[in-house]
């Protein structure tokens, strides 16, 4: 009964165009944010921060970026890892080569470089569609990985080709404790999430979706596919690039191209499919699912085994993890091909009408 | 815009809107896919404010004709002149900017979006704010959204689809989807409206509504209308002039009555269908 | 010159193996519109089965004839692949009919994870051996003509021969058997095929089994070359550009594509590699494909797509 | 993992149950020294990483059977990284706080080592990277928490070249020779290049660099180049499936195995088993020990651990090269703690920080090693504040078609060359990271 929109009349289009038109939703989101900012730092321990929350936030950001491209503009990309890598290494170079470069600018500049590369590899999308495009984007994946391995300038001529950063700070505030890292990521993710949401509900967003749903009709009403697709690539790779830089700087601290391998690209694609294509919230659901599930299985299985008295070897756990993970992916695709976000919204609609079935 | 309901059965009232001079002139258009000839040397013109019908059996090349005008297809030969400007082939974007809108035979709505967004997408040409403004909903972007939303709401009222504002178009019944399709075209505030079988697959009531909307658009805003339609009675009722295509060739052109009495047309078309 | 020929031959032979894996992709895509990423995992799974059974069966049945062991192992592995095909149809594809391509692709990725885990659980994750008696030693041709002669790797030669014959076999199968015709009908138009009473589900099981068979053969060849081990599943990544280059729906495309990429990789690595610092074959295939697609968006032999409204 | 203490099971249950948000769940337990083990039992390197993990676990069990470290029992908990850096980081975060705190980490992955090098100083946990990781971390003055005990890549590279020089009959004979380096195209692979470059400058031999993209199952092009260039020797810095593939391609292109030298990650039984006789003559430098089935410690493990059905892996792998590396790794980890106990209190559980002191002040004399059962397996190791490696001795062994046999006597990497390289690289790192070299006072702490 608590979840109703009756009696909430919109008197202006502005009011009607809000992200969350229903008061309860706004309240819920507000509460969630408050929890994330104040409660979580109090309860979460270091492991939760470093191994779960921070990766979750950063990967949600990347998934968000990818979702704009795949979910909203319908251009499948398997090269996400590459764009993350560009973001990371570009940001790194700005840090080491420009004295006193503030972290946040380095991140954004990293994103900017990712944008350029993204647009470059987006050009084929003007001619290539669907799976063909997907595989074509793999070219970005492998080429970029190779570039960072081979051209030592990008890695500041480190003998091994692995680079690292340290003592990060945000306008004087040092970012070294798990809490600060978490809050830093949280802040960035929130800002980008809001911006992304605004974009997809503005006319650029409608142009993307138009191209996705029916490109010919889109062209006929005056949408330029070139512009729509390339902006999608640009925005997407910018966000992905920033996420990549965060992943390298905040989460890993030291990295090599392998940190942005093709597995990463697939992982992100999983996130948005499971979470929900064309849904900002879905990106977060997906990220949570894909980040937490393996860790959970990995710790739960031996525990479960111990409880029932059988001792499960590390290898067996790892294999079982793969199997269950794969199985669940398929399972989710079958029960809800439109992802967790869709489940969520149907649940909400049901709740709205509750107790009446229709 | 108040919606005056005229009975579709009644013949179109030419009074009230004077037919102007030629606004769109198609000259010797030929189009082929590989070896298949879709259109051969088609020429006809459209006068301002008139309702122009293109008829013909299936596969006569009617839709292809519209696709050429929209720049979806590029004809091998021929020119299209719009308001004095002549083009070898049209570019969809330009066409839209010049004020030619279009609905589709088998719906081409944006299934993933709700009704409002579909109509709003028709306004994209008129929305000017840049990415950054949109990303942070700065004043301009917010205002823009609201203005155009207001305009779209008028269309929603006009088409009487208020109840479905937020419904994803995929879930709407066919007849309503056709309306949304029309609405999206209207959102562009077109001077010329190309309707590709707006009444295909509708029952009598729906057809009547649709006729009403078409005629209203034509009266109210003096929008020039080019429509493809199978239902002869409708065509004969509402159109001022009719072009008849058969196997990609033009076999007749003139007022409904002239066309009715045209031998080739009768043999090729009326004779066979209905 | 002699060396160039060597590189060329080496490339062709590698290419033949790529085509073999690519073939699996194409078959399934034609028949069920699924871009089966699990093909690589299937290769690994089949190879693991083959390798392990060929060492287990003699133990169990207490004989030590290599040949017999291999034959039996091959049979058992094939049965396993059919079972996999059946389960995939039953538990996955059957439940995902007319979903979008990307969803199906993801589903096959799910299958990939599952098979990787399942295979290693059943058969272990060491390096295992498949010995079908392919000769390992090199042989030299035209030694009179070129100093040092042209080195040809016998193993590759046999492997390529096997691959080629398999390809021919399959194309015959498609052309002259009822099932083959049914398959092609399905490939051309699902609805139509169904309407004339071709049981889609059974066809899918068959196709996946055939793809399983292809995977098995590929697995045996690669396995006896490299040893059977997790990384085998990564040959899928080598086959992807091949499939796309040839055109998703074309069997000859898969073969030509394989040869082009095989040769392209080797020649580029050998002649461009040193100047670029080496290791370029990992992306060469993909970049090549990228440029080909810009000219022919549907690949070399794929069907052209025309938008209708 | 056929056997684990109940306590461990309980911890895991707790961890599993509360997996989602709080797995720092520390179940403090009396007198347990916790040795986390990051394993690679799955994925591309499983065949090589598995014996290491088994050896590590078995030796720890042996230590407990021998009565622990002055009574302190050891506890091993594994976490699977599948050789992936981010998973390695997750495992590190998961295990570092458990069971009263991790004593020392051994990531067995250069990528993970690089990542953890940034983290261990804050967490005050030492890290042993015997034979891998950062070569420059041998400089304890900069890398306080890293311990590349008994060897790093530059030692490997240098010893390989020494052996080659011996075969040629002296360094001067290398002039004008061509040596190809086939390496894993990753930081792991590249780490060996600096020393070889250095040597090639000194002795005027030509290097041919042949990177192989991971995982390295496609090497035809590389070996065609080898066949074309006909280098006098091929040095291999490979890992996992890349090694057997390389050897097979060498066989296929008819490159003489006698001229091939692997570093110590490229010369173990899993790499050669299914090549078999065809690989006869293939050489690999070994970080002190090789395959040691006859050594006392192996015998002890067999009859005290395996005989009791408590063996971690299959019996027949006990004593194999990588199994031994696991055993040695465990031994060093334990002896460091023992040394620390000498200072901070016998029979006490050492914190990571205390253990660190132990690793920095290791003094394993031959007598001690022999007592531990490492007679003939290892030479003395003694570390210091400045030197975190402690020994630069290695041997070369050769595959006779079925097993490895020693083909060189003990060789010592040339400190004269390596020390300056290490110091230079370490200094570079220090300036990049804006960290000061440790003051002599710090060494006493």
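Just so it is clear, A, B, C and D label the chains in written order, and each chain counts residues from 1 on its own.
Keep this in mind: a contact is a pair of C-beta atoms (placed from the backbone, for glycine too) under 8 Å apart; a residue touches a chain by one contact, two chains touch by 3 or more.
The model shown is predicted, which means the values in this text are computed figures rather than measured ones.
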**Chain nearest the global centroid, as defined over all protein CA atoms shown** = A
**Prompt:** Using each chain's Cα centroid, which is most distant from the centroid of chain B?
**Reply:** D
**Request:** Would you mind pulling out the distance in Å between where the CA atoms of chain B average out and where those of chain C do?
**Result:** 50
**Request:** Could you grab the centroid distance between chain A and chain D? Build each centroid from C-alpha atoms only and quote it in angstrom.
**Result:** 36
**Request:** Please work out the Cα centroid separation of chain A and chain C, and write it as a whole number of Å.
**Result:** 33
**chain B-chain D separation of Cα centroids, rounded to whole Å** = 74
**Prompt:** Residue numbers in chain D touching 2 or more other chains?
**Reply:** 41-42, 46, 50, 185, 211, 213
**Item:** Junction residues of chain C, two or more chains touched
**Value:** 120, 125, 277-279, 282, 307, 309
**Fill in**
Where chain B touches two or more other chains simultaneously, the residues are 72, 104, 108
**Prompt:** Once bound in the complex, which stretches of chain A touch chain C?
**Reply:** 70, 76, 124, 127-132, 134-136, 138-139, 141-143, 145-146, 149-150, 215-217, 220, 262, 266, 269-270, 273, 277, 315-316, 318-330, 333-334, 337
**chain B partner contacts - residues on chain A that touch it in the complex** = 12-14, 16-17, 195-196, 198-199, 202-207, 209-210, 212-214, 216-224, 231, 235, 278
**Prompt:** In the complex of these two chains, what residues of chain D are touching chain C?
**Reply:** 41-44, 46-47, 50, 185, 209-213, 215-218, 220-222, 224-225, 227-228, 240-241, 244-245, 248, 251-254, 270, 273-274, 278
**Asked** For chain C, which residues count as touching chain A in their complex?
**Response** 35, 91-92, 95-96, 99-103, 105-107, 109-118, 120-121, 125, 237, 240-241, 243-244, 248, 276-280, 282-283, 286-287, 289-290, 293-294, 297-299, 305, 307, 309
**Request:** Spell out the residues on chain A that touch chain D in their complex, using ranges where they run on.
**Result:** 43-48, 50-52, 55, 96, 146, 149-150, 159-162, 164, 166-167, 176, 251-259, 263, 292, 295-296, 298-304, 306-307, 311-315, 317-319, 322
